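What follows is a set of structures to go through.
Look for subunit A in each of the two complexes below; its partner is subunit B in the first and subunit C in the second.
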Partner chain A sequence: MTNSKENPTTPKLMVDLKEQMNPSFDVMLIPLQLEDEVAFLLYLKTAVDGDKLQSIIIKPFFEMKSAQHYGAYIQSSPDLLAIKSEDNIPLELTKGSVLIAVQQNFFLIDVKKVNTSTVQQTLMEPTVYGPQQALSEDILTNLNIIRHRYKEPTLKIEILELKDKTHNDIAIIYDEQTVKPAILKTIQKRIKELDTTLIQSAGELQLYLNGKRFTLFPTLMLTERPDRICYNLDAGKVILMIDGSPHALIAPVVFFDFMVSMEDNYHLFWVTSFTLVLRYFGLITCLTLPALYVAITSYNPDIFRTELALTVAGSRIGVPYPSFIEVLFMLVFMELLTEASIRLPKAISATATTVGGLILGTAATEAALTSNIMIIIVSAVAISSFVIPINEMSFSIRFCRYILLAFTTFFGTVGFILGFLGILMFLINKESFGEPYLKMYWKSRRSEKGVKSE
Partner chain B sequence: MKHRFKNYKVIVVAAMYFSCVFVLAGCGFKDIDKRVFVTGIGIDPAEKEEGGYKVTLKLSLPVASIKSSTGPNYEYLVYEGETLAEAIRILETHTDKILEFGHTKIIVINEELLQENMKDFMDYFVRRSDIQLIAWVAAAKTSAESILRVEPSAESAVSSTLVNFFGSNGTESPFITSTFLYEFRRDMLSDGVDAVLPLVEATEDKKELIVNKSLVVKEKSKPFELTAEQSKYYNTLLNGMSGFSYKAEKEDLTFVINMEKTTVHYKVIMDDGKPTSIKMNVKMIGVIGQSNKNLALNNLKEYDKIAAEAVKKKITDFLTTVQEKNLDPIGFGLRYRTMMLYDKNTISEWQKAYPDLPFDVSVDVALKGTGAIE
Partner chain C sequence: MSRFLYYFIFLTMVSNIIASVPKILLFESKTGAIPSMIAAVIIGTIFIYILVKLFNSFPGKNLPEMLKAHTPKWFAYPVLFYLFLCWFCAGLITLITYVFLFITFFSPETSIVITTFAFVLVISFGILMKSRSMLYMAEIVIVLFVPIIFFLLIKFYANPKLDWDFIKISMMHINHVPSYWAFGASLYLFVGIADLVIFNKLFTKKHKMGWKQVLIIGLTGTAVLFTTFFVPIGYNGVEQIADLTFPWVSTSDSIRMKYGLIERVIFIFILAFLGIAFVSLLLHWHVALKILESIFEFKRLKWKGKLLAPYIFVILFGIISLVLTRKLTQYQLFSLSNYFYGSLPIFFTVLIISLVVVKRRAKL
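== the complex of A and B ==
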């Protein structure tokens, strides 16, 4: 389409805007003319949905009796956006709106085209029972999913716009009835204070919302499951969603939230209890096992049964390096293997696991680089670290075990205990948006403080 | 973006820290393959020196693969020294690895040593922090070294036959007395009870071990050997060991009862603070294991009586035998002391009275069945 037929009566605002946006090839300024009735459209061709534009904006123009009717029609469109200021218009245009000029009136209509609204399968937190669909990369679709699952009038959705270059929308979702106002206020404040140039995913947003530079444990939870979102809404938490990211953020969270799988809600009581115990056992195992191996084999072999002590000693015959190097060596290789299988395309990752797990493991013991027992420990650690349902926590725990390992290597069993206590103290001292991170809800805060009234 | 770059500093520091871990290790650090596990200690009187000890250490050697190893691998270190501590210090120079006493499960003492100066060498075991107080203590007939050196052919790799005798880990038998190191020391030191140790013997061909006798040990006197039968009664009365079997006879009827459960209660009867007699109630539940005649279920009450009568006689026999020797393995004296307010004469009063105290034993046997289907 050329602009040769440009009507001399084209509104000045539109011409100015078009000039401002040149030399982008996709800026369109087209007049609609039927007899005496004239309207002008200004939009970005790549941002709008052409079909939608044709059917709801262009076609009605030619069917209406007069421009006045058309103006009324446009004004009553559900996608009508308020024009806050003239400076705001270019931004709206880049987001996929069309500026319409009818009879000296300007209207902004949202006709954006989204190619990312397909809902994905759950990948990170799969369940056997329970919903199989996750979120999409489009915020409106996501909000629609949440609205559809949580049909309470008290569900509030606030939309804020990021000040960075993406100008992405952030949705703050909460249940007015259950949410703690103080927490909501903190979160709103933190989002408003954000000062970064580019935030592209929920994970990134989480980093900036943390409030601290060096963090080991997540204070917001990243999830892709709509059922988890609703579950947490009901519990009074605040959900954050960012456009373009198939994940939502849940705040505030405590440590125990990370140990819950949505599957727990869909099973029988004893089954759930069993899996929960299993999960905490896995957590402890993957955290302590490597350090315990060093503590027991190199400092206190009396803890073993005699038979086991002799077998461990026997399997270590010919291993050239001390136990902690053996552990570190195997753990690092296991981490590499895990990293490799995450980053590789699915087709190759199976090969990587086979080569790494089977061949490396057997060969390492054959070559007397590590003991057989070590291989068992490393595999136990690897398996149990996957038991933690939320990946972020699993990564944090993976890091923690090296801290424990270092403490144990230097100070033996005492170091192990101290290191463990240190991690506990760190977690207990931590807060997520004012909520204690590792609080055991056994006693009320009042009785913990020893005050009668508060 | 700025603070992202600063993160690298932390990473570099962390990396340096961890590379230090690679090179440095604390001095308490000693890998398991640089240690050798002492699983048994034997003490004999010294042959060359008067008053010294001959110490035998049984070292278990690690096995690379249990499946491919044929039998246990042991090494023995023997040395004579004036004291135990000295001998063990010298033995540390007889091996390239550090001696690890954390797995010492058995201490075998030559029975000749169990009369005088027991405190002298027992002290060492209790003071040494890495020897656990839950190690078994046993007396050895002929020599502790020979007992430790017995390697039964039934023994498998990385297991210790001698240790399995005691406790209820392996065999469970009322004939075997099991004594922990802490029990032994406690009973040795407290007034009113005498320590009992199992007596370990070896067969003549040095292939098998036999544990069914016990020694009642009292300081400053020769240990009194309990026969296998007496050991059985001792264990039944003290620990209520099951598996107790007893032969009862009346006229031409003979049967053997297998006791499943035994409960024993005893009381020191006092008159004006002075012990007058010891009352003992024994309750036994069991079945008839063998009989020379057909037994009728209706007559079970009668068999109860026959059995009770016979068991009562045996128990009284046992109690009076040890009483004659002025030994108190059950700990009646200890019970008496617990009943009295403390007085420095309490124990001497008891010691005066004990040799003449009458026993009043009542046995109640409840048979569950004749052991056969009618």
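== the complex of A and C ==
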């Protein structure tokens, strides 16, 4: 290989390219020679699949009668890439292509090696029934999964390349029959306008597509479930996938989409309705309960019937500070516990939750730092915030809880109701790619089909 | 008719209970409240019919645009300013009445400024929203709060303490000459449709307005007025009813839910009507803001490409309401609302005349 440079017939383009990429150890420039027939290969050893290279590029060369035959063979390869310009070649090489020179002709063949194409189990949105496999981290595998599940000729997949340093592919997937052209256009425009140096995951892409810097509620949905993707394709939504991320983005979304679990489609009507009611109850509970506690104990203890009011007040005997500090104290510790159990390795997180649970549960009440009822409220809030099927929404609601708490602390019961109405208004005024975020959908029963109605 | 038009109408109808309408009506319960209520139902329904028909000729346009395009400036601007004043007052009266009510019955220890400030803060954010969001907000609040109000209504009517004899006695006072102030107050129930002045921009289709729609509006108006007027009488009697400052809230306190988590209905009542008052205030002030924007555009006041005028107006709204809630006494508020309701027939006349003028000029 070292003498390949001295080889007089090595094409100049290849030598230049090798020079350009030189300090890297994995640049390979190999001549293939059999009697008079010569071909040259240039590739990055770490980017290509060695077996594939051997079997479809190198081996046929020695089996062909002439370089002309070999050229024809290469030209008809399904992985052949068009060479747009010479400047483009280094980029293609880094992506895992091999540059072949046969008889003064250059060909680019895609032989990239992907180690991330294993399909993962569903982690974030598990279901009891329904498919158990999620997506992989390789875009082609993912597209294959979608094609396999949604066999309509109207399914269109457009590939755009990011302009950042990863040069990742972004796939825009939609059903031509059901998609709203205006929304599709906005999304394409926003992707083309992206101007950042590094986008590595679907979550990050979502932030940049949002259009605004400070956002509280997600306007695109991250999902890992292929069945959710197909369900939304059918509803006329646009799916975005980025190479290297096991999540897909769904746009546009409305608030109710975040409350739908795919499980709902696989169960009986009344069972589904029941779980849906349960979920909304959980949403309201985890949003309002802490603020309600402050309103009831500090501002209007007279609202409740006498017995209940006395129980609540009696449980607070000995607590040395006003109720909002108590609530804040407990909530913050609960959030810390949640956060810790997410970030820690699985082996340690069990210990963390046990220790934390003990502290929060018994010790805090015995030390008269909080009331018993507060403990119940905190655990109810913690449990019910996990009922929201999509994690992003759960995080946003967690944040909203504090806004509501602050409003109630400052303004009392009237602040509680007004704060709630304010959050509602905020959601209603929000838009996801031109679609109103929250409104009543009367005509369509299934919320994720929202885009079609009206 | 679009469902949102019904929302406009029904929201205002329901919100009368926490405004001063019942107080004014009950004040005149022995001197012509009933005939003026009957007159108001008929005339109010006719007004709604005429207004919807007139707005049907201009789908997708709001009144300021229409006035500016087809009438001279000396006509358009005073009319717009008058309309703005009416809407602003409507919102202001709702706000101050509700704050007074809340302070009196719910949290007498909280400072009135703080309660008003809570309203002003949320409302200021609300009225700056898109007009379309306003409609969805109205819809969601109706879906959330109207079931509670229906529940309360059932409670009110099913309670054995409601004495129908009192109601029958008060019905004897039908043979009076209608009183103007009571008529104005009852006409307030039908003022909701006038929100079309701004919101007509969002309705590009014509509204169907036949006998069916008229019947629905008329019957609902009758039912709401009947409840407004007769339920407090049924609980409190005919004699001293005129002395109550908040007849409806006092009435709601006479009901208890023996097994409920919340025993006194008054708390549910006040909180449920908070939602209604809020949306009614939101709609009124949004219309007021939009009209004001059309009068004073201040195109030069810009910051980062955004017009500053709406923000200034909203701050002004907030300051005015904060000052007035501190300064006004209960009696002054009552007379202010009385005059406002008294001006409603004029308001309707001005609105209809200006629409007719625009229609004629546009055809010419």
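FYI, the second predicted complex is superposed on the first by the 434 of 454 C-alpha atoms of A that agree within 3 Å, B and C clash if a C-alpha of one lies under 4 Å from a C-alpha of the other, contacts with A are read in each partner's own complex, and residues count from 1 in each chain.
Throughout what follows, a residue touches a chain if its C-beta (ideal position, glycine included) is under 8 Å from a C-beta of that chain, and two chains touch if they have at least 3 such contacts.
From a predicted model like this one, the values you see are computed outputs, not experimental measurements.
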* First (subunit B), second (subunit C), both or neither touched by A:Asn300 -> both
* To do: With the two complexes superposed on chain A, say which partner A:Tyr402 touches: subunit B (first), subunit C (second), both, or neither.
  => first
* Which superposed partner A:Lys439 touches (first subunit B, second subunit C, both, neither) -> second
* Would you sort A:Gly412 into first (subunit B), second (subunit C), both or neither based on which partner it touches? => both
* Asked: A:Met425 contacts which: subunit B (first), subunit C (second), both, neither?
  -> second
* After lining up the shared chain so the two structures overlap, which partner does A:Asn391 touch, if you call subunit B first and subunit C second: first, second, both or neither? -> neither
* To do: Residue by residue on subunit A, keep only those touching subunit B in one complex and subunit C in the other, then list them.
  => 299-300, 306, 410-412
* Asked: Where on subunit A does subunit C make contact in their complex?
  -> 299-300, 303-306, 308, 407, 410-415, 417-419, 421-422, 424-426, 428-429, 436, 438-440
* How about subunit B: which of its residues touch subunit A in the complex? -> 1, 3, 6-7, 10, 17-18, 21-22, 24-26, 28-33, 35, 37, 39, 60-66, 100, 102-103, 105, 130, 132, 158-160
* Within their complex, state which residues of subunit C touch subunit A. => 102, 106-107, 110, 114-115, 117-119, 121-122, 125-126, 129-130, 132-133, 136-137, 139-141, 143, 260-264, 267, 271, 274-275, 278
* Can you list the residues on subunit A that touch subunit B in the complex? -> 197, 213-214, 297-302, 306-307, 309-317, 319, 322-325, 328, 402, 406, 409-412
